[in-house]
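Which chain is which? They are A, B, C and D, in the order written, and residues in each are numbered from 1.
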Amino acid sequence: MSDGARSAVDAAFADEPAFVPYLAVGDPDYESSLAYVEALERGGADVIELGLPFSEPIAEGPTIQNAVVRALEAGMTPARFFEFVREVDVDVPLVCMTYYNLIYQFGSEAGPRPFVERAAEVGVSGFVVPDLPAEEAGPLRAACDEFGLDFVSIVAPTTDEQRLETLVDVSSGYIYVQARLGVTGASSSVSDRTAESLARLSGVDLPKAVGFGIASDEQAATVVEAGADGVIVGSALVEVVADGHETGEATGTTTDRLEAKARELKRGALEGYGRRTPTPEGTSD
Amino acid sequence: MSSEGERSDAETTGGDPGRGDAGDGKFGRYGGQYVPEALMPAIGELTDAYERYVLGNEDGFMDEFRRRIREFGGRPTPLQRADRLSRRYDTEVYLKREDLLHGGAHKLNNALGQVLLAKYMGKERIIAETGAGQHGTATAMAAAHLDMPCEVYMGERDINRQRPNVFRMKINGSAVVPVTTGRGTLKEAISETMRDWATNVEDTHYVIGSVVGPHPFPRMVRDFQSVISEEARRQSLERIGRLPDSVIACAGGGSNTMGTFHNFVDDGGVDLLAVEAGGSSLAVDEAEGVAPNSASLSTGSEGVLHGARTKLLQDGDGQIVESHSVSSGLDYAGVGPELAHLVDEGRVTPVNVDDDTALEGFHRLSQEEGIIPALETAHAFGYLHEHHEELGEVTVVNVSGRGDKDLDTAIEETAQRDVPNAPDMSMFEGELR
Amino acid sequence: MSSEGERSDAETTGGDPGRGDAGDGKFGRYGGQYVPEALMPAIGELTDAYERYVLGNEDGFMDEFRRRIREFGGRPTPLQRADRLSRRYDTEVYLKREDLLHGGAHKLNNALGQVLLAKYMGKERIIAETGAGQHGTATAMAAAHLDMPCEVYMGERDINRQRPNVFRMKINGSAVVPVTTGRGTLKEAISETMRDWATNVEDTHYVIGSVVGPHPFPRMVRDFQSVISEEARRQSLERIGRLPDSVIACAGGGSNTMGTFHNFVDDGGVDLLAVEAGGSSLAVDEAEGVAPNSASLSTGSEGVLHGARTKLLQDGDGQIVESHSVSSGLDYAGVGPELAHLVDEGRVTPVNVDDDTALEGFHRLSQEEGIIPALETAHAFGYLHEHHEELGEVTVVNVSGRGDKDLDTAIEETAQRDVPNAPDMSMFEGELR
Amino acid sequence: MSDGARSAVDAAFADEPAFVPYLAVGDPDYESSLAYVEALERGGADVIELGLPFSEPIAEGPTIQNAVVRALEAGMTPARFFEFVREVDVDVPLVCMTYYNLIYQFGSEAGPRPFVERAAEVGVSGFVVPDLPAEEAGPLRAACDEFGLDFVSIVAPTTDEQRLETLVDVSSGYIYVQARLGVTGASSSVSDRTAESLARLSGVDLPKAVGFGIASDEQAATVVEAGADGVIVGSALVEVVADGHETGEATGTTTDRLEAKARELKRGALEGYGRRTPTPEGTSD
């Protein structure tokens, strides 16, 4: 990771626990998706993860899989994604979450560089690529360095000390702490392993954002109380979009519900922060 | 360091350019480990176990494997001269009879190896994906044999195309989990099994069914399958007194293919032909995201899917397209990285035949040799028929599996086309399911 | 000469009382040639061919047979230790894996031998009867392999119980002729094939599927099948260093039975157990002319059927009764004369298990050993389960065939009963054909 | 065969070509069957073959198979068969045609003797047993000798010289010359092989009756012209019974049709005899 100057993404975690929502771009269609992402900012998002849909989302649970299918059917492509990023009216840093093949194929030249270059142009601040472990991340990391973007790594409950080091080494922006094993998806309890992972990462000078299974203000609070610098929420928000889509709700109504849900989660994160013992350890710097 | 330089280092080199025998999981530009971080420790553990038990025969693992594949599996399988095809084509045609392996396909070589390895590793649960159901049944059999609980993910559409295999898995005591995402075929089943693995990675081993997926799977599966060519090469020398001029195998993921080719790779004079499913056409419909074929070696391009960099059927953006083949077991958008590499090197020639030709091959082998092949295998015989003049004096064809699982499909698909050598099935008119 | 004397001479003696190896077609009081005069010359011709080619290896017939059954058939089949059953029963259980033979049952040993013999005899057409469809498919495969036209007679009811096998025969290029007389099972199919033979005897060879029928069939079929015990005996000595205490095989007509027993007959210390189908009950309903079992060795009486004197299921008048078994291949009212003789001599012990126990055996072998047996074979495992304590230290069970042909039947029959170890098939509720 | 005195059966062929009809006893029921057999005599039968139905009639074609099934379903058994023979009001010799297992099983003692003894008692004159070749016929032949019954052998087109001798050796009453290969059943042409068989048997001092496939007066004539001493007709007559049964015809009507059919066949036989070349060879002594 680049020392010295911290990135916009990293900075978004500086003052208070960050709320990092995820939505699949283009779900259920381009226009609604714009409104939804903007609602997330109004609801308190500090960083937004924008999912660029890939046909084989192997790390996603059913909720996000379905969102991906909806978005692809509505015509989402990498090119449209970049238009979206350019067009969406939000000020917080945007992190692109997608699978490596889309990054690798983009542009005329094989390899991740054209994708990263274009992402930088339209205003993407970083990447999360669930099927790209540290061992294979070299080229993407290099392109990120070249264009000044962050490369966010995921730390899993199964990640051991040795891998942790390699991982932290290639990371910037924040560390995505996977709260439990499995795929994305809302669940009702926050795993014990989250606390363990946070403890192991306590010496690392990067914000730790916890994701996978966070669905309520209380869960957000628990995670932050346990030391997280941020909470990542995907499926719980995608469910709001899916509900709206399935019931034929007006986009405006879904937008409002999404904003409310975001607000709830942000509030939870703040509450958790408040509950911390006098000297909170998780906040870096 | 320039990013350009780093990219080309990490992404296009590494590994032994010849046979990909290096331990880094790369075969030239292909291979690697493109999986979620949560799986990396398991993959590391597996790599370690692979090196110790499979490569190092620690605790006599390979001895036990070889004994079990012999006694339980029925190895060695024969190398049989195909008298009537030899006469028809005026060339010596030999059949490597993997259809005689327990379960009816080469798949058991790998499934038994991996389930046994899982046992040595102390795993308590087996999961697997399956397309044609052959890998699923092989895994279910191996799991029953070795007393391991087993769950098999299978696309809903494949479940309907391959019901006998579904019954077999359940009768062997495995659970069959229907996958309803996408078109409900092998690709979706693999994704779903990876999800299960990511959730239960600590006590669960994922038995991948072909030479695909992240390292060490492509090498390990190849090693378990390479018993095919180990035998076939020895049998050729014993039976015919020479090596064949050509070796033909069908290629889906490429496990029977690599198994059949592996020990011939260093024999420069032996042509290696991988027959892919040409489906109904080699063209790709980008708008629909559909390739009406499964010919990733012949028509695909480099990309990353299911844990490895390899040749894929994808659109210009990198979205994986829906593949197609009359045979479920070839119906996959990717192919093993080592095979992709050997094709790039010019060592393996990728060829393909369409659905119609495969059906003709199916009926020909059935009628003329008394062996009903799997529809996957039938592609190899379709190719033999069309190109027998180019194959030299001695050809070995791998009969990767038997067609019992395909009877209904073969009859239905035959009825829908004009297959010149179709048998008279009129006794069942209107009675087919 | 008193008629009494003549009767007892011709009908109750003759032949070698020990193993029935004499050439007169008698096994003690059993055997003979009770066929229409029109067939007698053909039977004479066949006897002659049998003696020259099979017994005398004239023109290298047996060498060719052995090569083909090895290369085409996949011999030798393994003798496999059944680890989980051995543990469960606290005794060494070994499986002779005839299910791995091409076609999925021991039937090919005989079918290939006879079709090859027909070729040596210059015959131009093959006919056969089939019950479970296993002999029919084996014959169809052998006929395709050896380029002989083939027609298979099959009862209509069996056609419906064994559709996959019907498909296989047709795909192999054979004609399947439905037999609608009687209850439409094996007995009627045999009668019908005899009628065809009587009509076309000059250019046609009738490939009888078991050790039944007129001499030389019982001996000839036994000789082709005895490769099973030839291997099993050698494998026992090599693998275990001793002969088994017990050898178990299911018995319909008795061909896998005789094949499995033959080379152990002289080994006095080896118990030979023939497991018949007990069906739903051992009683006979004389009024209805039905025996709800197929246990002719256990409950039948001496009589003449389909060309031979043997043990039969018949009523007091000598009318053959309808037999029953959950497995089509055991569903026959007669049994091979040599087996009847060995039972009378006390060398073979006839036992039986009912349909329920057979189904339990089916599921047990499937779940615990990863081998789905034919329902016929399952009877042997039903017996093993019930009597394992009486079998001594080492038991060899012949796995006469695989159960792929029986999946639908097994599932339906299981659903109708209370089988304690039945798998959960709920995913298919209401969907079975 | 017993030399010297010729049996009643044999004698029935002495004067003119004999007409030997077959019916399955008890088809479609006991009472009708009595009437039908009596009609055969009225129609000109010289010998009548009475079929005792066996469950596995391997030498029969579909017509007789079906008759056998009807008779068995109507309750025909060996015991009823013997009652039938005793009751039926005809004067010509009756030959029992059945399969060996029924003969073997009858009575308390195993073997054919009890059956033959009982047959003799009720008035049966001889036997035709299609599944009992000469090689296995010893015990039955011995019992026949004991009780003075004839044992009729079948000579097939495939029977060679050597077998012919063995066969003739055990035969008495008449020789059943099988007109063609196959099973019983009416057919439209009389095989060339019939003539061949008759020629081969010309030196044999027993009547030769030809059967299998004779259905019309013209066929009967052809066969007799070729040298047969008699014609055996089964399926063509059984078809009359089957027709009557299937159409629900009154027994009397069927009886009349049967008698007429018999008359036609007998007439054919006589016509064939008339057509013979001046010195007919086939009639024995």
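Simple rule for what comes next: a residue touches a chain if its C-beta (ideal position, glycine included) is under 8 Å from a C-beta of that chain, and two chains touch if they have at least 3 such contacts.
Fair warning: this is a prediction, and the values are worked out from it, not measured in the lab.
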Could you give the fewest steps needed to travel from chain A to chain D through chains in contact?
3
Go ahead and note the Å separation of the Cα centroids belonging to chain B and chain D.
67
Quick check: how many Å separate the C-alpha centres of chain B and chain C?
36
So that we know how the chains sit together, what is the shape of their touch graph: line, ring, star, complete or other?
line
Please list, in label order, each pair of chains that touches.
A-B, B-C, C-D
Contact residues on chain D for chain C in the complex?
54-61, 65, 69, 72, 77-79, 99-106, 110-113, 130-136, 138-139, 142-143, 145-146, 153-160, 163, 167, 178, 181-183
Touching residues of chain B toward chain A in the complex: what are they?
1-4, 6-11, 32-42, 44, 181-182, 187, 191, 194-195, 198-202, 289, 302-307, 312, 314, 316-321
In their complex, what parts of chain C are in touch with chain B?
70-72, 74, 77-81, 83-84, 97, 99-102, 104, 140-147, 164, 166-168, 170-173, 176, 178, 363, 366-372, 403-404, 407-408, 410-411, 423-425, 427-428, 433
